[in-house]
Structure formats: C-alpha cells, structure tokens
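Two complexes follow with chain A in common, the first pairing it with chain B and the second with chain C.
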Partner chain A sequence: MSGPQEMPIATNGDVVLVRQKVRSVAAEIGLSLVDQTKIVTAASELARNVLVHAGGGRVEVEKVSTGLRPGLRLVFSDEGPGISDIAQAMTDGFTTGGGLGLGLSGSRRLVDEFDLVSAPGEGTRITVTKWSR
Partner chain B sequence: MERVPILKLGDILIVSIQIDLDDQSVLTLQEDLADTVVSRGARGVIIDITAVEIVDSFIGRMLSTIAAMTRMLDAETVVVGMRPAVAITLVELGLSLGGVRTALNLEKGVVMLEHARSAEG
Partner chain C sequence: MTVPADAARRRIVEIFISEEGPLLRRWSQISGAPIDELRDLHQALRTALAGDADLADVRGLLGELSRARARQGYTPSDTARVVFSLKEAVYEQVEADGQGDALRGFAWLSRLIDDLGLFTFETYSAAREKIIIDQAEQLLELSTPVVKLWEGIVAVPLVGTLDSARTQVVMEKLLQTLVDTGSEHAVIDITGVPAVDTEVAQHLLKTVVAARLMGAECVISGIRPQIAHTIVTLGIEFGDIVTKASLADALAYALSRSGVQLKGAATTRVAVRAERD
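Then we have the complex of A and B:
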C-alpha cells in the first residue's frame, strides 16, 4: 500500500484538486457512490476551512485498512489562528466568517471518524476516516 | 477560472454546470446570471446540476442565493437533475436549500416554470 500523499491547500483551485483526488481514491478502494459523495463533500468543506480560516495548509490522503475493510483517511492541517472553543465551532450554524456554519458539524456527520486538535495560536489538525462497508 | 455558459431559450435562461467549479467561479456565475436575467428580461432560470458530483455548503448557498436574487428580479429559478447521492449528502450535511424549487429533470423544470407563469396570469 502506498503511503500518504500530501497536497497543498493554498488556492481555490487546490480545493478543486483535493476534491478530485479524494473522489478517485474513494472510488479506488470501493466506497459506495453515496459514501464517495459524502467523503468528497466533507473534504471540500474542510479544505475550504483551511483556506478561508487559516490562510492555507495541506491535506494528507491515505488509504488505510483494518485488515478486512479498506478505508480512506484525510488529515487536514494548518498553522492558522487555531480554534479557541472547539465545542462552539462544532455547533450547527456557528460561524465567525459569515458562512452557514455547517462545514465542521456537517463534515462530522458525513464521515465515520472525526478528530479535531486545535489551540489558539497553534493551528488546527482535523483527521477524518471513511470505511468501506 | 472557468466560466459557465448561460443559454437562452425563449424567456428562460438555462445554466448547465458541467465542470467542478472553484469558489471564485461560483461567485462569478452568480453575478453573470443576475446581469443576464435583467439584460435579457428572463422570467425563468433553470440550473441543471445533472453532472454535478457534490453540492457542499458553498454551492448550496449559491443555489439559495440565485433563487432569492432572481425572485427579486421577477424571475423564478428551478434547480434540476440533482443526483440521489447528492440529495442524501446534502440532508446529512444539514443544508435544506430553503426557497429553492427543484425538479427531477430539465423537461419537468420547464413545465414547472410554465405553470408558475400561467398561475400569474
């Protein structure tokens, strides 16, 4: 199995490239069409957040496996301002940027595993995983 | 940046999104459409998303904005061709697309606009 593949997130065009990469790997490991759509949508939200709220960063795209089931793991990381109140940021409708405030909370519902590590001044790292069923 | 063509059929504008749009192109489409509704005196807009693989919060917001904006310009918008996987994902994401009329395909979208028109008399 190939190791993680890193992609920059520095422009609107990069967000499109991330979506396309996630789509192709999700298809490759045999995720259903609905699950492919969910993980690509989550990736789009999280990549945009990196660009808009942190001024840029990167994502690592990795195929993972439990032995039986293949999965797709995405790690979004940035050195932006970080998130001071994570519970609040994860609430439906909470935004500091005039968005809909659905990116974080919605993405969590679209994946199987969601992990967010962040502190003010220390950037943000979000890991999401989708398993094939 | 990619520009999405806007086609005119009678007094209906048809926009068929065939490429994965970056956020800037989405905003440009929104503005182009508002201008074209006014300059062509269009009464209806159909946005065909048959080829669109995902609708995230940004595209979702565009659809709501276009619907509200065209209504203010005296035109109705119908979104057609949403894929089932996209609909499932949108609901789970938490986007309701309030105020956006939808039809299953282009033909039904045209019929919907004609009905809206004749109801107005």
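Then we have the complex of A and C:
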C-alpha cells in the first residue's frame, strides 16, 4: 500500500481538490459508484467543517487493506477551537455554522468507520474509512 | 564604489552606448524580439546607466512587455530570454573590446540584467494569475444559463461544483428570468453536479424557496441513483419539493401542471426511462 498523501485545506478551492482526489482514489481501489459518491460527499462535508470551524487544516488520504478488501481512509485534522460537546455535535440538525446540521452526523452514516477525537482548544481529528464491498 | 570599479562601469556604459546599432541587431537576433521593442528598452536602460541607475523606467517597460507576452501566450522562458539575451549581445561587444575594464564592467551589468530578468518573471506570473482569476469569473457567468423549455417553463442545467458564489449567480439569474418570461415553473437540473452534500442541498433549497416566494414552482431533476442514495444517508429532506430522475420527467410534470396536453408519448417516455435506470 502506498503511504498517505497529505493535502491542505485552506480555501474553498482546496475543498474541491480534496473531493477530486478522493473520487479518483476511490475509483482506483474499485469502490462502487454509490460508495464513491458517499465517501466523496463525506469528504466534502468534513473538509468544509475544517474550513468553516477551524479556518483550515489538512487531510491525509490513504489506501488501506484488510487482506482481501481494499479501503480508503481519510484523516481530517485541524488546530481549531475543538468540539466541547461531541454528543450534541453528532446530533442531526445541530449546527453552529448556519448549515443544515447534518454534515457530521450524516458523514458518519456515509462511511463504514468513523472516529472523532476532539477537546476544547485542542483541535479536532476525524478518521473515516470506507471499505470496498 | 572604488575607483577601478567606477572605471569599469564607465567603460561598459560607453560600449553600451557607442555600439548601439550592432548590439540591438544581435540582441534582436538572439531573443527573437522585434528590434523596435528592444530599442525602447535600450534607450531606457542607457538613460538609467548613464545617470543615477534609477531603473524605474526600465522596469515599467519590462512590465508592459511581460504582461503583453503573458496575454499572447508566450512561455515564461521566451519572455525572460528577451532580457537574458542582452547579456550575450553585450558580451560579444565586450570581447571585441578586449580590455579588463570592460570585462569587470560586464560582471556588474550582468548582475543588473539578472535582477531585471527575475523582475520580468515575476510580472509574467502575476499577469498569468490575473488572467486565471478573470477566466474563473467569466466561467462563473458562462456556466449558469437559464433556458426556456416551453412557454411558462424555464430550466437551469447546473454543471460542476455548486458553491455559494455560484448559487448566488444562479439564483439571481433564475429569479430574473422568471420575471422576464412570466414563467410559473422552473426546473433545476443537477445531472452535472458530481456530489450533493449538505451545502449544495441547502443552496438548492434556498433557491427553490426564493422562486416560490415569487409564485413559481420548482422541480429538481437529474437525481441519479448514487446521488439519491447519498442524500438519504446524509439525512437531507427535500420536504414537499418535487424531484424527478430526468429532465424529461420534470418537463412532462411541469407541462401537465401548466395544463398542456401531450398526445400519447408522455406516459410511454416515462416508462422507457424507468426501465433504463
């Protein structure tokens, strides 16, 4: 497996680039069209969260594998204000950014594995993985 | 500046001025630039060298030259070569002169030309960036046409990324077209939108609500299977907004809503589409 590729998230244009990168890697490892669209959409949500709430950060895109099944792992990290109440942030419809409040909770449903590490003032680190079926 | 260095400088400026004719011809030959363009540069450089070495005029001319070249599609190397080739042209004259002063002077002039070359490069890339920004703006305008499908029905085929700036343009254009054409139905087609995330969905919802406020009914079409899947998983609700799989379905729906009777074909077409999907 090739090592992770890191991309910066600093502008809206970067969000588009992240989306394109995730789409091409997802297609490369053979995810179905539906799964490609799901992981791309999740990447788009999480990248925009990094931009809106932390003002910028980075994402690592990595191909992973569990023996037979290939997968795609994305690690979004930022040094922003962090999340004080993770349970509340993961609730459908809860928003502090003026959006629909579905970005974080919806992304969790779009991927197979979702891991969120955050504390106030410590930044946020979200790891998501999508496995090929 | 020490005395010998001063003499070297004087000597190179003398060569620069006295050998103007051959120098310009050779410079033009190496760089491939027209001699008239170079004559202006030579003039400005000569004034600067003979006087207080104030390069403002030279930089102004070079800036114009590199901007013009960036627009005409010259490569950066071609553009910088115009400046750097002056070195070669001058060196040939210095060699013909064959004196130590002239050679030492050449080293000084060479550094100056390097600076000017780098300046050309910077101006060139700045001009290129400006062109890219302009084009991005033009693309924003170009890529959001509002087309009339039928009397009273307009459509907006969206292609590419739907960000806030784009949505703003789309919304403005759509609302204006609704007024201009007196249409009561609008179809927003998202076949060309690669991913619908919460931001895109929110923009779409806002556009539909704005159109509704003006008394027009919106249909969102072009929802492909993978997009439908994603929207449901994300948990986005389109509420009572009518959505259709294809633009044809949306048109058929809008036509029937506005009371246009289609002979025969309409129902068949929907059935054919359902099978293919």
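We adopt the following convention: the second predicted complex is superposed on the first by the 133 of 133 C-alpha atoms of A that agree within 3 Å, B and C clash if a C-alpha of one lies under 4 Å from a C-alpha of the other, contacts with A are read in each partner's own complex, and residues count from 1 in each chain.
Here is the rule we go by: contacts are C-beta pairs under 8 Å (C-beta built on N, C-alpha and C of every residue); 3 or more make two chains touch, one makes a residue touch a chain.
Keep in mind that this is a model prediction, so the values were computed, not measured.
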item	value
Which superposed partner A:Ser132 touches (first chain B, second chain C, both, neither)	neither
Which superposed partner A:Leu100 touches (first chain B, second chain C, both, neither)	both
Partner chain in contact with A:Asn12 - chain B first, chain C second, else both or neither	both
Residues of chain A that lie at the interface with chain B and also at the interface with chain C	12, 16, 19, 23, 33-34, 36-38, 40-41, 44-45, 48, 92, 99-100, 102-103, 105-107, 109-110
Residue ranges of chain A in contact with chain B within the complex	12-13, 15-16, 19-20, 23, 33-34, 36-38, 40-41, 44-45, 48, 92, 99-100, 102-103, 105-107, 109-110
Interface residues, chain A side, partner chain C - complex	12, 16, 19, 23, 33-34, 36-38, 40-41, 44-45, 48, 92, 99-100, 102-103, 105-107, 109-110
Residue ranges of chain C in contact with chain A within the complex	161, 163, 194-199, 201-202, 225-227, 229-230, 233-236
Touch list for chain B against partner chain A, complex	20-25, 53-58, 60-61, 83-86, 88-89, 92-95
